[in-house]
Amino acid sequence: MAKLLEVKDLKTYFYTQNGIVPSVDGVSFSMEKGQTTALVGESGCGKSVTSFSIMQLVGAPGKIVAGEIHFKGQNIAQYSEKKMEKLRGNEISMIFQEPLTSLNPVLRIGDQLDEVLLLHQKLSKKEAKAESIKMLGKVGIPRPEKIYDSFPHELSGGMRQRVMIAMALSCSPSLLIADEPTTALDVTIQAQILKLMRNLKSEFDTSILLITHDLGVVAELADRVIVMYAGQVIEERDVFSLFDDPKHPYTQGLISSTPKIESQEDELMSIKGNVPAPNNRPSGCYFHPRCPKAKDICKSSMPELKGFEDGQVRCWLY
Amino acid sequence: MESNAQTEPAIYKADKYDRSIKSNNKLIILLTKISRSKTGLVGLITVLSLIIVAVFSPFIAPYDPIKIDTSKILLPPFWLEGGEISHILGTDNLGRDILSRLIYGSRISLVVGVLSVIVAGAIGVFFGLIAGYYGGMVDNIIMRLVDAFLSVPTILFCIVFLTVLEPGLPTLILVIGVTSWVLYARMIRSETLSLREREYVKAARTMGVSNMKIISRHILPNVMSSVIVISTLSVAGTIITESSLSFLGLGIQPPTTSWGIMLSEGKEYVATSWWLATFPGIAITITVLGIIFLGEWLRDLLDPRSQGTNS
Amino acid sequence: MIKLASTTEITNDDLLVIKNLKKHFEVNSQLFKKKKDYLKAVDGINLTVKRGETLGIVGESGCGKSTLGNLIIGLLQPTEGEVFFDGTEISNMKEKHLKKIRPNYQMIFQDPFSSLNPRMRLFDLIAEPIITHEKLSKQELEDKVYELMQDVGLDPSYSQRFPHEFSGGQRQRIGIARALALKPKLIICDEPVSALDVSIQAQILNLLSELQEKYNLTYIFIAHGLPAVKHISNRIGVMYLGNVVELADKEELFRRPMHPYTNGLLASLPISNPRLRRNPENEIILEGDMPSPVNPPSGCKFHTRCPYAQEKCKTAVPEFEEKADSHFVACHFPLMG
Amino acid sequence: MWRYFSYRLLQIPLVLLIISLMIFVLVYIAGDPVALMLPAEATQQEVQQLRAALGFDQPFYIQFWNYMIDLIKGDFGESYKYGVGALSLVLERMPATFELATASMIIAVVIAVPLGIISAIKPNSIIDLFATSLSVLGKAIPNFWLGIMLILVFAVNLKIMPVSGTGSWKHIILPAITLGTAVSAQITRLVRSNMLEILQQDYIRTAKSKGQKKSVIIFKHAFRNSLVPVITITLLQLASLVGGALITEMIFAWPGVGQLIIQAVYDKDLPIIQAAVFVTAVIILFMNLFSDILYRFLDPRIKFN
Amino acid sequence: TTSKSEGSKEEKNILNISVGPDMLTWDIHNHTNTSTEVIHVNVFDYLLMRDTEGEIKPHLAKSWEKVDDTTYQFELNNGVKFHNGDELTSEDVKFTLERVAKDETLRSYGDFKSIKEVKIIDDYNFQIVTNEPDPMFLSRISRQASGILPKKYIEEKGWDEFLKSPIGSGPYKFKEWKKDNQIVLEKNEDYFGKSSDWDEVVFRAIPEDSTRVAELLTDNIDLIANVPPSDWKRVNDSENNTIVTGPSNRTYMLFIRTQKDWPTSDLKVRQAIDYAIDDQALIDSLLDGKGTPTLTRINPGNLGFEESLYNKYNYDVERSKELLAESGFKDGLTIELSGPTGRYIKDREILQMVAGMLEAVGIKTEMNIQKWSTFSEAIDQQKFKDGYLIALGSSFFDSGQSLDYYGSERASTINGYSNETVDQLLKEAKVSLDENERTQKYQEVQKIASQELPIIPLFQIDQFFGASKKIEYQPRLDELIYVPDIKKK
């Protein structure tokens, strides 16, 4: 089966006042059509930058310095801005973490919804409106005609995220990148949105690249999981095998340090130390200062991403 | 970094592009930061030179700035025909040396600039803190006072004061100071309002720290950077105000020299002896530019967001 | 409105007793409206916190958790009601008298970035509460500060650093040290781990448990993440729109939630393993958003989202009653499963 | 909204009261104007008579009361120099000043807005550098100096502009540039920093992720958002130009309030100065109110409270 | 000259003039401002009028005679018409003069209060009766504020209307006044006097000197007053313009304290000051030589002029130092001189130069230079220290006005000078109606004054106009601009 998306050795650096920040430092992974792939990792590990890189939306001072991004067999990393504009919102679309700020506050919801349709589908204004209202209904917004004429601030967070989803799906994209779509929401609302995404995924036949730091969300939604640490992919697995038998010590730590409702442990497992700042990474394996199983070799040289069984892992233990 | 206490600090990847400051020495950090902003550096050098010139005027100036020499009236700068090397920037309509007058004039600009900003700052910070911290009626009254001052343009306000009061340097400083305190008050008030809601102020309150202590230890130091920035920027404004007032004949009076006076005395000669008004004009412009650069750079420097989190 | 649920006697076991506590914020009216509107952030809460326990408070954003915490700690004046700490009424006390009692209850804030004065060094930050209440020699002060730093796992060599030189986890440790400095009996933790990364959250939760044991502390632990609350608390109160709607031992609560809201909350929790995925068909998740606290629904405030709501729920306010052993709930039709 | 409006409206008299108190105190300090009103050879007795007749021998608060009563009636007293009501003298010249202020504002906006946008789109480019230096210079050059220079270059040497006075549209250009430069500098910086900030916003990223074209993003999404503060600042500045055009008006012999004020200052004609300050304050206060209301209308997020 | 064609109208001769700030009012009696009178004089006529040399000549009145010590009789020209066609008669004269002589609130009241009444004999003949013998009477009615107003018009329309659209009998009719901008006058074709070359006169209000000069240089204005010395060369070098000068009746002088306790109470100190100042150098270096050094403030053309003191000055540094030593200030002394800025041509520069000259002989001079309103207030309240610089004129052209400053009464409010002989002479001259006797007495006063030096006159200054070469203009001693005198070349 053809890969929908294949990222090869992607490097995205930020050239800041205080030096170069290698936020994404050689990320490779692939995604199959129809799958929901989750990208997990702690704050600052480069998940968002990876997704922006795919969309070529990394703003200055960031730059993609190396790597290939194949979408449906085309290397879109080489695409011109014009060609990317055709792709964005049409073939690949995106929803963001902050539904509060991701909508333009001075434009009406309808305006912003119509915009995508007018851009990518040859619809008249009237048709676009009808389509937009239909989409609003599909994402479970009551009285869509009324919401169509509202301003973003008149909507609650959950509603806004629904609008964002409607906007992202209105051109039936092949790939939907969801950058922490539920992090800013309350649990009950989060559950609503996750359910919505699950339902819509089958209806629109969209593959989802789900970015999150919440393993719960991964467990709910993902088919495949890519774990990132400090700008790199350290483990890539099928969701079930990852939870059953995490390989990388970081993944292990991550899973066991999450408090669980079902179990009753006295002390949580915890990973000592902090995620290193991207411009301050240790030598060798970036995880070694925090790794309970670190060996000498971990301090000096960086392990390769090794494939095995149903996935890959980057660790000297294997 | 947290682990560093226990774990040996890792050998950091040497990155030739890494420009983050490694030193802990404050001076080195400061100097590095200064050297990174060209305009900031220009501003700093300009302001420092201005201060040096003002302080050491008697030693730097080649002539007495009020010495009249009728034999050397309106000499052009030395590079022009008829100019003399002894009067580098020429002389004015009373034969006084322009360069010396410029040098001495810097004193007034600086004194007026700095002192009136101190006056304004002191009043403004006081009212701003009180209004912002205590809120309610006190705030309401102070803010109406602020509105009152804001609804009359500064220059007009200065003029009203100066029409009534005995002229002179102290008056001028006081008037400019008193008419421009609102800038600080408004800024400090709004910062205090938000600082008051900051969790660390709340934390101090839950610990029973007294209001005066909270204001002086938690709020004042955190508004200081804004105060410094506004101050530098308003020194620039003040210098222009002083020269405008002197231009209108309401500021410093001759024979004291200020750039504003030189400009207003020289404006008559703009068409015939351009150097009289041009050099003070340039001096004002350069000074103000320098101060603005310095201020903008200070603004960046003191902005907590730009204080690189080296964690 | 709501009658006192438990007996109002204050026993020696009760460190903190909250009676009918209310906080109504005045909000300016909307267009063309003369009457003032009130935002009922906390709307009649009764709670008792026992010595040495950890009481968890959960609820969705905006339900009034922080307001409750601020009321207890004295950052806000209640509109109505009383707070007894160790037998003394504190919420209406003058600041002068309060100063003596203050050290007994402290707070840890949610945001480790804004709860530390960016212009104070670590040493001064931790010393501040001590200096405010005690006169100590320099040496004594130093000893005390270093001991506290040790307690929370901060290296003494950091004592001259500024907050921005620390990571989020470390800053939260500083906050904890500050709260501990006065040897309080009660610490109110307002979402102390929400702003932290998963791997750091566990560190802090473990630290809090450790300290509780060591210093015999009582916690009120506010969070909207149920898993963390569950991990650390003995009892848990669930809040909805300014009211505590259910209160029980944590095991009891998770096993037998009586309030439909608690039930919905539990159902919407993300699972911890993909093998626990529910069938999307019989998934029961709460629909709709939390109503505005300015105009809360009549009767039971939850009736608008309640799958079991009946006519009565729209009009009558349910009482907060003990429906089972130490299991309080405010519902006309509690789930008795 | 009406509540808000009326609340703000109610503050205006309060602020005006403070202003009048300040002015009154100043005038009180200045001493009574009787000496200035009588000829130099007047006797001491004549002075006393006039003082009593005008009420200058009353205690402070009574004088203030009378002063306030007069103020409410719009009576600022007669100009010492012109011998007519000061308020009418000020109001007569208001249109000219308004015209000049408006023209400078238009020029300032026309220059500043595109410049600000371009330098925000391409930060650190040549144009940005140019815009930045221009706007810094605009703040650093005293406008009396600029005015004289403009006359010299464009009127006397190039002879393409009239020197001073009013009459044709050309007359307004040089003074408007003189007055507008500083404001223009300010607006450029405001637009630039606003646009820079807005271009960082999440919703701009959203627009990009939709595949929207850059130009549309800039104008539809970004500029519209930055417009609100620009419009309000513009209004506020317009108001302060009305009172701040003193020097420009003098240099260009523009028949506005500024010139009147300067002459009044030279003659210590206090009634005129008081009236001018008061009228300016009223204008600025109402402009503030107006811009505030406009702000709230233009930005759907802000409610009236 | 500049004939701007206005639409389809035929070309008109328009004269553009700017003297400085705008005029104040059309109420001729309620101002004391020369720039305002400059315009009034073209709309209203005086009974008598001085010519360019300062000689009083018939104007509305074709003849006059003194009836007794307090009564003059005048005969008006027949058929003089106001701009609305009404004839100007004795009624109007009575109305006008009695208004200003009776209404204390008018600014010019002081100058006319000596008039007791105007007795009408018939339409063209009337008598003016003064309260007491007034030797300066004829000067009074041939200067500022003595224009004749239209009684009927004013009584019918009211003052407000008159002030909005005034009419007089003068060579020009009021057309339009845009405040602080310009005043347009159009020619009165029925004018009884000298006919003018100009169909229209525009007086532009331009307070800023350099702007005024720029307007002249760009040929927008044909005649400007008060050209700063720095621009003379530029104006003269320009193609179409030239500087026109003429004497003014204004003298720069130093008022010096003579009261005890001031070092200047010592005559020798005052003399030392006089000898230290090089009047000619002031004129040469600041005014391009356009002025006349003098030892008296009475200029040619004034009644009482003393020629021996005019065009002379004392300058002798050595002598000055000697005098200083004699007075006991061998080691020098410090005095403070006040002076206005921006009021008179080069006022502050002159004071600064004077200070420099005094410094050279050992009199350290502190300067207190202030804007006019502050300065004049300080002078009024005698807040100045040792002395001040001022430049006074005399619109009466009569020593009676100018020398009053030496009398004990006036001087007591200025510098405390008092001399019985001077007082006696002034008193006698004030009531004498014999011109010769008055002249002789005033000359005597000047001689004493030049010895005792309570006031040190420096120089008489010229007037400086910038004029287009297309016009012919000769400045008048009274600084007025009477448009019919300006000829088109």
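We call the chains A, B, C, D and E, going by the order they appear; numbering starts again at 1 in every chain.
Please note the rule applied: contacts are C-beta pairs under 8 Å (C-beta built on N, C-alpha and C of every residue); 3 or more make two chains touch, one makes a residue touch a chain.
What you see is a predicted model; the values in this text were computed from it and never measured.
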{"item": "Joint neighbours of chain B and chain A, given as chain labels", "value": "C, D"}
{"item": "Farthest chain relative to chain C (centres taken as mean CA coordinates)", "value": "E"}
{"item": "A-D or B-D, whichever has more C-beta pairs in contact", "value": "B-D"}
{"item": "Chain C-chain E separation of Cα centroids, rounded to whole Å", "value": "88"}
{"item": "Centroid spacing, where centroids are CA-atom means, of chain B and chain D in whole angstrom", "value": "23"}
{"item": "Averaged-CA centre spacing for the pair chain E and chain B, given as whole angstrom", "value": "47"}
{"item": "Whole-Å gap separating chain D and chain E, where each centre is the average of the chain's CA atoms", "value": "39"}
{"item": "Chain C: positions in contact with at least two other chains", "value": "167, 169-170"}
{"item": "Junction residues of chain E, two or more chains touched", "value": "210, 342, 371, 373-374"}
{"item": "Residues of chain B touching at least two other chains", "value": "1-2, 163, 249-250, 267, 270-271, 309, 311"}
{"item": "Complex interface listing, chain B residues touching chain D", "value": "144-145, 147-148, 150-157, 159-165, 236, 240, 243-244, 247-250, 263-264, 267, 270-271, 277, 281, 284-286, 288-289, 292-293"}
{"item": "Complex interface listing, chain C residues touching chain B", "value": "70, 73-75, 98-99, 102-103, 106-107, 109-111, 114-120, 128-129, 132-133, 153-155, 157-158, 164-167, 169-170, 175, 178, 182"}
{"item": "Complex contacts: residues of chain D adjacent to chain B", "value": "11, 14-16, 18-19, 22-23, 26-27, 29-30, 136-137, 139-145, 148-149, 152, 156, 240, 243-244, 246-247, 261-262, 265-266, 268, 270, 273, 276-277, 280-281, 284-285, 288"}
{"item": "Chain B partner contacts - residues on chain E that touch it in the complex", "value": "209-210, 213, 228, 230-231, 233-234, 281, 285-286, 341-342, 348-349, 352-353, 355-356, 367-371, 373-374"}
{"item": "Residues of chain D touching chain E in the complex", "value": "35-36, 39-41, 81-84, 89, 92-93, 96, 148, 151-152, 155-156, 159, 162-166, 250-253, 255-256, 259-260, 262-263, 265-268"}
